[in-house]
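Reviewing the structure listed below.
Each chain carries a letter (A, B, C, D and E) given by its place in the written order, and its residues are counted from 1.
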């Protein structure tokens, strides 16, 4: 019995020699898994248009990343799956009948402007999907606020007319189409728009299950929460950000509600409607754009939750999650710098100059 | 007289119509002095100070000009006021706080050509702001300038650690971030307004 | 970061990581003796501080336990012959770090017994602290937890400091290792004896023994042995890596923070490893020298893993043969997998600081061989860093070679390289390695600057 | 350098002074100066052109006057004098635009007055007109002004075409074109300028690479 | 200052003299430009105002501008650049009053919206509407300028002041005093409703009080 000869290139690694199984690829893939039920529900809710929307936005993101990597002469980074998350998230935040060519533009902007120009994964400042969506919101304000009813008749047989708009052309007006397919009195408004402009409330139950009008994947509170719980249970997500964001949104809207119940809706309505849930679970927790310090993540979530409510209740727009998270991303380095933990055995914080 | 409330003016000039991100004033220092937090912060503080002083002076001067029907001298007097304000502030700080003076260094004289300063004076005149409104407007817009500058500086400090592609380095990237920030600030639109 | 952690409270380490323990392989196996190898290599520098000075010549015959090298100054310890035999030569030998260092080559007599014949009893009850420190130095005992810092130096209380507590470190948080565990189970009386000697040397009033709660048998045995001594308490602490780092243990058990760049003595504590104290409790009354120690041999590539009482100087190749090394072995690590160095040669000997020898297969090593991706700022490293450093930012600074900033702004020098950050990093960034490089670069830069200012 | 040749610059030198601003030292794309008007008034080609013309006027006039009085002006009051002169011409252009077209005046708003603090103008006064002959200063003003105007037009054109589907108000793609409203918004200004800068850098890098490859 | 000043250090007097000369030249330039452009600027403004009034009151070829003072009395104005609220009365060829054009402003989505609208005394209704200053989002808020369906609201909008003029949700206009909003531009549409309501409440009583004078055209 003799000891084996060792191959030096293997053993010359330095410590630690163990590594946890949690790698970037694993995290990203699991986030995709957590989003799949939401995608499926979106398809069930709004029909085949959502399939096309998700496929186009994802493909556009993936191709853009691939292209940029090729242009920069480095290996394609699509393997780490992070770009797939961007694509799916972008698709989920768009209205179900959003013209496909615009979705493709959104994907290109999201990854090109939001990610690759900064150097790719890990270096971007803003959440790429939201950069793409903010761009689309500003570029095509009409198309992105054109919503279609949930559970429309024949949604699995035909596309929403706007979906197949010819590239660079204006989407058709679909008022008549909506009148034809609707199964209830649909006003073309999401619960938040209906509330803001027409003071029409929506019950909490449909909001919770998600069979209401809205963006392709942000309607079902329960599925988003389940996806989040899965990620938290497997330690792939920072639950503190979500908790802080929802908590601050709840408290602030609660204060508004108590001060004037007639003008301001119930805090639960605020939590369940619009993109707050999707944003808090899947976008605010995007690791790249959030602070790394334990205190920082709480502040970060709190700022975003409060901003969401302020924009919704006081601003001109019915929805503010996207802007709140983008602003959160922008100030996250500042939060990070301000909340550096006190190093063990010192009075000084890291990052503080002597 | 302009009817806007003080709060609305402040919010508007700080966030909604942020001088840098939506009115495009003070872009040169925004691009030039935003690579380090320390310098950005100092620049911001000096700008707040100068804008406040020059806004008050410009308000008084404008009253005089109107009184003598010499509105056509407005631009020329405003720019003289700003140049002398900067000088005065420089001297004042030098006397009272040499440490602050050293810290501000070359940023003070640079403010003369910061169009945000002249912009505040011109806007408050064009909008017929009262004295209180002018002061709040000057405060809001200069703080908005500082806010944008500081956010950008901290982001840029972070980006120093990134692998930015060579083509995008420098001004182009700053503008891209500014554009995205401007998109994000659009969320504030309509706040404090008619609702 | 578990949900419960926000509620804090209780004696536990809030940072750090839960590493799979892998201790069951050896934790229940009694300590066995390892036979003498045909040839031994005793490096003169097995400890932190100045290397010992050889006092033998080639060809000289020595008795097991006889001093063969003397301490070179205060921060240094003597060496003793691990076996009866003949000094072959005094020459350079490979060390675990890879470089060559002076060593004494000893050929044991083929029939040499493991009985220790050298040494004479001494009365420690009536020794002054100074005498104890001197006697401890003569035993050649160093920190057996891996640091190999001369124990008598720790027992010498610095000018102006007062020690209240002797803390006994029985945590052994590194995966696989069970050396300390077996020592506590099998030699509780020696441990307590050593602790009492240490208490006397430093003038403390009480002894606190911290043992991770995954070693209930050790806690039980120690408690039983401690019954006659009211000033000794055995405290279980929740198992968490790196609980065994002395700063962490002091914080968890006493709630005191050792200042940055300071020593435990700054907060009135002296910390000793259990195995070290067991050796002192055993050797000091008989005035003998340290010539053997318990080493854990573990890892999936071993057929006979276990804790071996091995003579210092036993070449690794011989030791691995004894432990039944298989062909699957792909990497050998001295110490634990989190902090121990990997070695490239099996010709290095076991020394005083070797707590264990791990033989890993390709499978274990592959777990950390993923592609290195950019930092995604997940913050996992910040959450686990026991010192509350910001490894994420330091890693990014290191990539851009901004080493100086890491030290001035981010407390690089406080990092004790526990490896938690690298362990959790999902991007597989070799953070600890970055930090080692950065420390080295800063040291070199400072040396250059000093040279310049002197010139 | 100018003094060596007296007041009559050679044609090639004048040409250089002119082309310098137009291309090699383009104030916007190369020197990144005068950003505020560049971004603020370029949401249509018409506004961009008007701003460009106004700036050319001020730049040429102030360069001329400053060059004329350059030998009389003492160092201590140099900047003050320049600012006075520039502010004068800006006031003039302000009134002239108001007299020519109220629409343009409304669109440009206070940015006409802000030409005073456009660093290009003071920059040229200080760096060129105060040291060179009148003829060369005029050419320099024209070149820099044109370079600035062209840059403005590049931005304004792109923003109007994409943002409204028109150029100088003329529809280009028919009624069915979906305008990208973003480009008329402030963020669109940032993005368009960033895009142009990216294209310029990329092109310069390519040229450099090709030159290296040839060597 | 006992030391001799360096040779190139000019005296203060000389500096002041220089600055004075420069200021003089500059002042001359500015004043002459101002004088030269005064007339065209005024003419420009008046032309625009005339065009706007003519647009809002088709057939009006004679116009009178009234200024309104604090107590609600009218004075005939010559130019258009006097401060304070104003009325623009339009008369047809025969000198008969067609209507009065009024100004209003309110905060929209991005900034203040200014607009002019025409009021017919006869019909007690608003019969024309034009936005004069707008910074709303292009493609969305600026539909209040272009959307024909929205502008149709102002063909005959009841302004008898019995009911508040108000903007209602798109497609739900039932009464003559309601404005049908543009879907997707609710905030801007509402601002229009508010600006008309506010200005009408203030100015229409004044018009009614001075009806005879306005109709008489003096």
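The working rule: a residue touches a chain if its C-beta (ideal position, glycine included) is under 8 Å from a C-beta of that chain, and two chains touch if they have at least 3 such contacts.
Here the structure is a predicted model, which is why all the values come from computation and not from measurement.
Asks: Which contact partners do subunit C and subunit E have in common?
Replies: Intersection of subunit C and subunit E contact lists gives A, B.
Asks: What is the touch distance from subunit B to subunit E, in steps?
Replies: Shortest path length, in steps: 1.
Asks: Treat each pair of touching chains as one step and give the shortest count from subunit A to subunit B.
Replies: Graph distance in the chain contact network comes out at 1.
Asks: Mean of the CA atoms for each chain, then the mean for all of them together: which chain is nearest?
Replies: Looking at where each chain's C-alpha mean falls, the closest to the middle is A.
Asks: Specify the chain pair with the maximum number of C-beta contact pairs.
Replies: Max contact pairs: A-C.
Asks: Please flag the chain sitting at the greatest distance from subunit C, going by CA centroids.
Replies: E
Asks: Can you give the whole-Å distance between the Cα centres of subunit A and subunit D?
Replies: It comes to 41 Å between the two C-alpha centres.
Asks: Using mean C-alpha positions as chain centres, tell me how far subunit B is from subunit C in Å, no decimals.
Replies: 60
Asks: How many angstrom lie between the centres of subunit B and subunit D, each centre taken as the mean Cα position?
Replies: Distance between chain centres, rounded to whole Å: 23 Å.
Asks: Could you work out how far the Cα centre of subunit D sits from that of subunit E, in whole Å?
Replies: 33
Asks: Would you give the residues of subunit E that are in contact with at least 2 other chains, written as numbers and ranges?
Replies: 26, 30, 33-34, 109, 137, 139-140, 187
Asks: For subunit B, which residues are shared contacts with two or more other chains?
Replies: Counting only residues that touch two or more other chains, subunit B contributes 72-73, 76, 163, 168, 173, 176, 180, 183, 186, 189-190, 193, 195.
Asks: Which subunit D residues reach two or more other chains?
Replies: Subunit D, residues with two or more chain partners: 80, 84, 87-88, 91, 95, 181, 185, 187-188, 191.
Asks: Please give all chain pairs that are in touch with each other.
Replies: Pairwise, the chains that meet the contact rule are A-B, A-C, A-D, A-E, B-C, B-D, B-E, D-E.
Asks: With touch defined as at the start, can you tell me which subunit D residues reach subunit B in the complex?
Replies: Of all residues in subunit D, those touching subunit B are 32-37, 39-40, 79-80, 83-84, 87-88, 90-91, 94-95, 109-110, 113-114, 116-119, 122, 185-191, 193-194, 197-198, 201-202, 205.
Asks: Along subunit A, where are the residues that touch subunit D in the complex?
Replies: So the residues of subunit A touching subunit D come out as 102, 113, 135, 138-141, 143, 165, 168-171.
Asks: Note which residues of subunit D are touching subunit A in the complex, please.
Replies: Touch residues, subunit D against subunit A: 173, 176-178, 180-183, 185, 187-188, 191.
Asks: Mind listing the subunit E positions that touch subunit D in their complex?
Replies: Residues in contact with subunit D: 8, 10, 14-15, 18-19, 22-23, 25-26, 29-30, 33-34, 36-37, 40-41, 44-45, 48, 133, 137-140.
Asks: Flag every residue of subunit E that touches subunit A in the complex, lowest number first.
Replies: 109, 137, 139-140, 169, 183-184, 186-187
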